[in-house]
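What follows is chain A paired twice: with chain B in the first complex and chain C in the second.
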Partner chain A sequence: MRRVRGEGPWAWLAAGSVALSLLLLVALLALLAGRGLAHFWPGELVQIELDDGSRFAARPGREERSAEGVERLYHTGNREWLGTPWRWVEVARIVEQRRPAELVIVERRRWGDFIGRVAGLEEDGVALDIDDEAARWTALDERLGRLARLREARDALRQQEVMPRVRALAAEQDVASRARLEDELAAANAEVLALQARMARDRVVLESVEGERLALPLEEVLALQRPNAMSLPAKLGAWGERAWRFLSEGPRAANTAGGVWPAIFGTVLLVLLMSLLVAPFGVLAAIYLNEIAHQGRLTRLVRISVRNLAGVPSIVYGVFGLGVFVYGIGGSLDEWFFSEQLPSPTFGTGGLLWASLTLALLTLPVVIVATEEGLARIPDHQREGALALGATRLETLRRVVVPMALPAMLTGMILAVARAAGEVAPLMLVGVAKLAPQVPVDGEFPFLHLERKFMHLGYHIFDVGFHSGDVEAALPLVYATALLLVMVILVLNLTAIFLRHHLKARHGALPR
Partner chain B sequence: MLAQPDTPAVNASRDAVIDIDPGASCLEIQGLSLAYAGTPALSDLTLRVPRHRVTAFIGPSGCGKSTLLRALNRLHDLNETVSRRGAIRLEGQEIHAPEVAVAELRRRVGMVFQTPNPFPMSIYENVAFGLRLQGGLRKRQRDEVVEWALRSAALWDEVKERLGDSAWSLSGGQQQRLVIARTLAVKPEVLLLDEPASALDPISTLKIEELIRSLKSQLTLVLVTHNMQQAARVSDYTAFLHDGELVEYAPTDALFTNPRLARTENYITGRMA
Partner chain C sequence: MTDHAASLRQRLRFIRDRLATALISACGIGVIGAVLAIGVFLAVEVAPLFVAPEVREQSTDGAPLPALASLPTDSLSAAGEQQQWQADGRELVVFQRTSSGLELAGRVEAVPPSRRITALAALQGGRALLIGDDGGGVQRWVTLADQDLPVPAGHYQALGSAPIRQLIALPDRQALALNEANQLGLYQAISGLRWQGQAPSGEALGWDDQGDLWWGTAEAASRLEIDAEHAEVSWRSVWLPQHYEGHAAPQQRWQTSVSDSRDEPRYGLAPLAWGTLKAAAYALLVAIPLALGAAVHTACFMSAGLRTRIKPTLELMEALPGVVLGFIAGLVLAPWVERHLPGVLALLLVLPLGMLSGGALWACCSARWRQRLPLSWAGLWLMPWLALLAALALWLSPSLERWWFDGDMRSWLALQLGLDYASRNAMIVGLAMGLAVMPTIYALAEDALSGVPKSLAEGAAAMGATRWQALWKVVLPAASPGIFAALMIGAGRAVGETMIVLMATGNTAVMTASPFDGLRSLSANIAIELPEAALGGTHYRLLFLSALLLFVFTFCVNTLAEVVRGRLRRRYQRLGGPT
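Let's look at the complex of A and B:
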């Protein structure tokens, strides 16, 4: 008992610190997940009547208390008539609030959301005569389904018929085959146009609560929901679909709507390229420092310097990358190989290659230190065992030392990935873009376009959160993107941890 | 340090060191002195190690017996602070001569260390390690050598079903026999054993000792041990080292039953740490 009492305060302090750290972590993830994931939920729509007799339909949001009373934020959509899709309303002024099942929210390709009612359907500019509410919904669903099939057919046609011929035409020299290819291309294009004409046939007539009417081509509709009429499973389905579109689509409306796929792709590709660049350099440097170099004062100095490099602020690496990689090496490359495109730069501007090189430089100390520690942990008798069998120092390194140090090297890579994936500041100088819907990998030779600018989740958060016009629309996206960034880093790390575990499991723990 | 006054060491070592017939000796050490960064570890050592016999080096900790052993296959080469004088000849050939390749020397003079040090590979790959370094063997020949080596190290029956398992899954004693098998696979002429059983339990120790006795028909063994019973049990000749000097070198029976010098007697009877 005395022992416990003696240790009491310290034990409590230590345990308290752990609990606090855990709590903060959980709170962080909960905040991101709660705010971010709620954004995709098809929340109910309300129709409001105010004390002055005016009416509007909207999705209710957060409330704020002010001197005049409680105010609530409504997402009204219909930006083309109202000027802004958001409206603060004093709760005291609300006379009546209803939840009509027929209220729809339409996600459009342009102008953001529409909130109101479906008044009718048009085909080739002629209104369809459907009075029955249920029949109209069935007809609308049918047409949306047809549109999806047409779009699929058109995309397939473009992919399989049009693009190969465009590429073949660029390479073909023979006049006869050129003419044949051109004919085929024209035919394929005509087919695409015909499909697009069929896609443009259907329109949905929408009417806002205030009485404004709009005939919207169905092609412009990204999603159409009646949340008040949806069952829970249907809502879950709609939630999943929206979340998936967030992951798989490119951004729209100055990054305040749409998805983040190019940013996910950019982040992962950047980190992978960085790993490919930093791994060989870091590992070789660590091997040299620990296994080959004479352990004298100079080696110690180099080692201390490397460790201190890990503490240099990342923006400094960004400046270095800009000066050396972008302007120095990139500028020279442009002069030597891409002079016909000057003054517009090819490599002489920020791009994927320079960004991954900058990050590789940034994470180099981490990899060197972790690898060196792994090498130092290998008992000397392992090296001597190999030497005593007649292995040279190189053979000893390659066959015994390096395989044993692999888990440590992977630990270094995990630390490097964790640091690099969250880094934003240096990227702003060496190649991240606000909007680059074209991902740096495509079907066009050389498939991986290292000179292209790219999007990045970290920078996307910064851009959406602070540079967008529509703060209310951007905020949930900031949370969702932040959650996604954490997830991406987690997945990258788990992959490396799994790999390391696999390597360790193959031979068990280091003996003694 | 000494419990009793002793005869002067310089004179004594002349008398107390037996001479092995040069024709029957495998290793010949002449006037060997060795220092770590200026601190002497061995001074003016001269002895011959007989072929196909077990020779044990005994002595208190820090007496230089391990240093001597490591000099025999030039493991000190890696340490830049080590300076050496004197000659070591393997079958009449000076091992420091420029035409001797150190890797080839270490293949001829194998070594087993205090701590079992199997590589992070399968059992099979551990034994095949040295063979792969040399190259030139087909898989079937390699399989045969691996089996022969494991049989010679009395390990075959225990591992023949699991050659693909990690070597680190074996017990300490098995690991040490695996290391011996690994060394035997490259067919060395001399096997240096640096306290090979000190990290093992009594039963494993017994097996290693049996193995050492059985191997002397194939090669010359040099054993460093701080366990005098072990030296008495397995060796044919014993050299007692103290403070980097060779004090007494004699057939094991003679040394343990009738030591010439008081220093040796003190040590083997436990009166000197």
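Let's look at the complex of A and C:
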């Protein structure tokens, strides 16, 4: 066999670095996807007996190997008795491990999860006499359904009857109509209270494996699952439901539980406002730079500078936003228009408007550069043709140049949005909040509250991961949030890549 | 008639055109101006830091003297927080304040043999005192927590040569010194003599309820306006080691989160600048080999079909938000590396060896296998091989630790090499930020390499060079400016990255080069401290100064890169390349 002439070791190192980079990327995405999606899966519950005879029920978690042996983390819930919902157990100490079908995990409004058994049901404090396990579950399901209907009715009542009257009362001056409104309000409130009293009827009696009993008002139950008894489709259903609740609910328990809806809303609104600001100005600046300005040394200098601003750290834009928008413009606005509320600032503190302006400034170079690239790619004879036919410059721009550069502008916008969605550092200076359950859009005039603070997915990751008390509980949530953010940004970037490819293909066909 | 209408329409068109052009120009100039104003604004905010302090006499037009709080009359003694000081010739007599009263702690010679102490003043906070002598010299001594006697903390520039008559302590650890020649000097504890001039006639009378110092005689007094808001900061004091209160020697410290005004704020930017550069250096250490290797392989060896897929994929990594990488690094990678330290360090050796052994094995394979797994696809088929080796190294990690590091590598590091291991450290930052910077460098370097006219490499190949030889001797030199630009832009990104450094380091402002120590970077420091800094204060302006430094650094680096890239593009055009 003839020995082939190799390329030497360096070629293999180069090839290896491609492989390593891809490997890292895949590992990162797999980690995010795996942990983020697993968070919603109703994992099995186990009942464990240790060598000292003690027993507990828990959901097993990760393992750690050390010199002493293997330890496993269990999520035991039941914080009111155990102090902490987490327990590290040496695997060697486990004597028996069973998976009883009747183990339930209850997500509660307070105290976190409960893990144990359903021992019975109470109605108005009287225990129901149901011995059969299956019958008890049907009864429980029935009651949960009833509760959900009552809750819906109550919320509707609040939204449609109580709140409009409260608002009307605040605005109304006339004594007679005020009295009428007050009567109506009292009646509506009484109705709400009656519904609430009906909701408090049922209680579920829970018993932990250690023998502690607890009569929990059914109203406190957010979700109740028997994962060991669930079939695969049921588990999938539960998975979907939890994922949906994660997307649609607000955070609970100091951000360590619940969903991220306000953060999603804040991120989207912020990016939307930013796009509205950056699109016209970025495009106009690019058109000016490429089509109108005299192409001399100065323009070249400006072009290089604008290009370089894309490489300036985002935190610097944050500092600029804080100094100019928040303290400078915001402070003056407060003095002129909101002086009655001083010293508590209205616009003189970080808020949605200032954050979107800062991000707009940050992404302006991206849009300008992308648009300019698109404009420069249009052959000159297109412009010359239009001008030769007698079109004015405006007409040439509107009819010829801008339509041809549209995909480039779109690409620039998408890249800008993708960059803005992932940027957190400047937001920390100009208005992101740890917790802002009130979204900046509501039914109150002027509907869009630009001065309000907002939540942001990226900041949520930082805050929950690093500032929450219970990192173990927060970590799955952070994974899920990070996955969401990465997905959004990847989709945006892929769209931009696709557009750019499309654009190149189209203009490649044009004769130069 | 129709002619008239047509010409009117024509004129309207031109007016509209003019208007639109003017509008676009105004918008464009405005936007570009606004964007470029960032640097100017930062500089304007920073400028007051470096305005020279000034002491001015403010005439009060014969207004009556307000009620004044008197100054200490005895200029030869001063009272500190825990100690009381008395001047006695050359010596400083130190009394310790105890529950039962004053207790003599000792005597210490404070001024050179030929001189004697003529004035004392305790600075704000009571942990430092100024000593003036009869030769015009002023020096500062600081108390230490564990010692009875204070230690000297530096001689300041002397105030003339006449004896110091009086030292008057001011807020912000400043003091006014007055000598027998009626010269007045403004001293600051850290930055020393900041202003000197002729004292107004008369003498210091006392403080009014606004905290202003009055000067003159009972008949004709005036207010002294001391304009020294940022006197504790000078260009030198920010960068050089300073002797802070409570330390026996000069230190480089950044410590502003002082709970009360008795603690001296420490405004040394050097540890932060060091942290920034250290983080960037470790990140580049990871990113450069990976990025350049990947760029070389993609540009010169990879099959064209694969390249159109791999290049966007790797470039897509650039879009991964810093906060996600920071979270992975800080909460997942850091604890994990801490547990598997030997395995992770072994990876540094195993991975390159794995790549090489992959190549060696490939050369030993039969021709059919070589055809099936060509070098042009090695970027893909090396992946499982490397993953296998990495898993093996990690699996062996506990055994490695037992065999070589006595069962615990971290204590081994501390004992044998004297290295502390902080869980969130420069190595973690290097890994995470390396991953963030790598796509930037990769994309630019790949563009530079693939932009080199094909004729060059083909010529080399025709002369019998292997692809690697052609690359090393011909393509790489041609593309080297582009690669340089890529490295510059990568460095700019690494220096400015905030969230990753914020989350993956302990944010401790220490100045060590060890990869196992934490760090605090300028950018992370801004993110942490600026929301709480008082508007317009020294701290606030120093944070603006760090932002300005980041801005200037990245702007210069990027400009350099841009200029180099522009030259390169023209060179390729001369060489008759595709672009």
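Here is the rule we go by: the second predicted complex is superposed on the first by the 463 of 512 C-alpha atoms of A that agree within 3 Å, B and C clash if a C-alpha of one lies under 4 Å from a C-alpha of the other, contacts with A are read in each partner's own complex, and residues count from 1 in each chain.
Simple rule for what comes next: contacts are C-beta pairs under 8 Å (C-beta built on N, C-alpha and C of every residue); 3 or more make two chains touch, one makes a residue touch a chain.
In this text the structure is predicted, and so the values were computed from the model without any measurement.
**Q** Looking at A:S314 after the superposition, I want to know if it touches chain B, chain C, both of them or none. Which is it: first, second, both, neither?
**A** A:S314 sits against chain C, while chain B stays out of touch.
**Q** Between chain B and chain C, which one contacts more residues of chain A in the superposed model?
**A** Touching more of chain A: C.
**Q** Examine A:E395 and indicate which partner it touches, taking first as chain B and second as chain C; both and neither are also allowed.
**A** both
**Q** With the two structures laid over each other on chain A, which partner does A:G266 touch: chain B (first), chain C (second), both, or neither?
**A** Touch status of A:G266: no partner.
**Q** Report for A:P345: first if it touches chain B alone, second if chain C alone, otherwise both or neither.
**A** After superposing on A, A:P345 lies clear of both chain B and chain C.
**Q** Contacts for A:S21 in the overlay, against chain B (first) and chain C (second): which applies, first, second, both or neither?
**A** Only chain C is touched by A:S21; chain B is not.
**Q** Which of the two partners, first being chain B and second being chain C, lies in contact with A:G330: first, second, both, or neither?
**A** Once the two structures are laid over each other on A, A:G330 reaches no partner at all.
**Q** Using the touch definition from the top, say if A:P85 reaches chain B (first), chain C (second), both or neither.
**A** Neither partner.
**Q** Do chain B and chain C touch any of the same residues on chain A, and if so, which?
**A** The overlap between the chain B and chain C interfaces on chain A comprises residues 392, 395.
**Q** Chain C touches which residues of chain A in the complex?
**A** Those in contact with chain C are residues 1, 3-26, 28, 31-32, 64-67, 280-282, 284-289, 292-293, 302, 304-309, 311-320, 322-324, 327, 361, 364-365, 368, 392-395, 397, 418-419, 421-425, 428-429, 458-459, 461-462, 465-466, 471, 475, 478, 482, 485-486, 489-490, 492-494, 497.
**Q** Within their complex, state which residues of chain B touch chain A.
**A** Within the complex, chain B touches chain A at residues 73, 75, 78, 80, 103-104, 106-107, 110-111, 113-121, 129-130, 133-134, 166-169, 175, 179, 182-183, 186.
**Q** Show me the residue ranges of chain C that touch chain A in the complex, using the header's touch definition.
**A** Contact set of chain C toward chain A: 13-14, 16-17, 20-21, 24-25, 27-29, 31-32, 34-36, 38, 41-42, 45, 289-294, 296-298, 301-302, 310, 312-314, 316-317, 319-324, 326-328, 330-332, 339, 351-352, 354-356, 358-359, 362-363, 366-367, 370, 375, 378-383, 385-387, 390, 398, 402, 407, 435, 438, 442, 466-468, 472, 489, 492-493, 495-499, 502-503, 523, 526-527, 530-531, 535, 543-544, 547, 550-551, 554-555, 557-559, 562-563.
**Q** Would you pull the chain A residues touching chain B in the complex into a rising list?
**A** Per the stated touch rule, the residues are 294, 379, 381-382, 384-392, 395, 399-400, 403-404, 506-509, 511-512.
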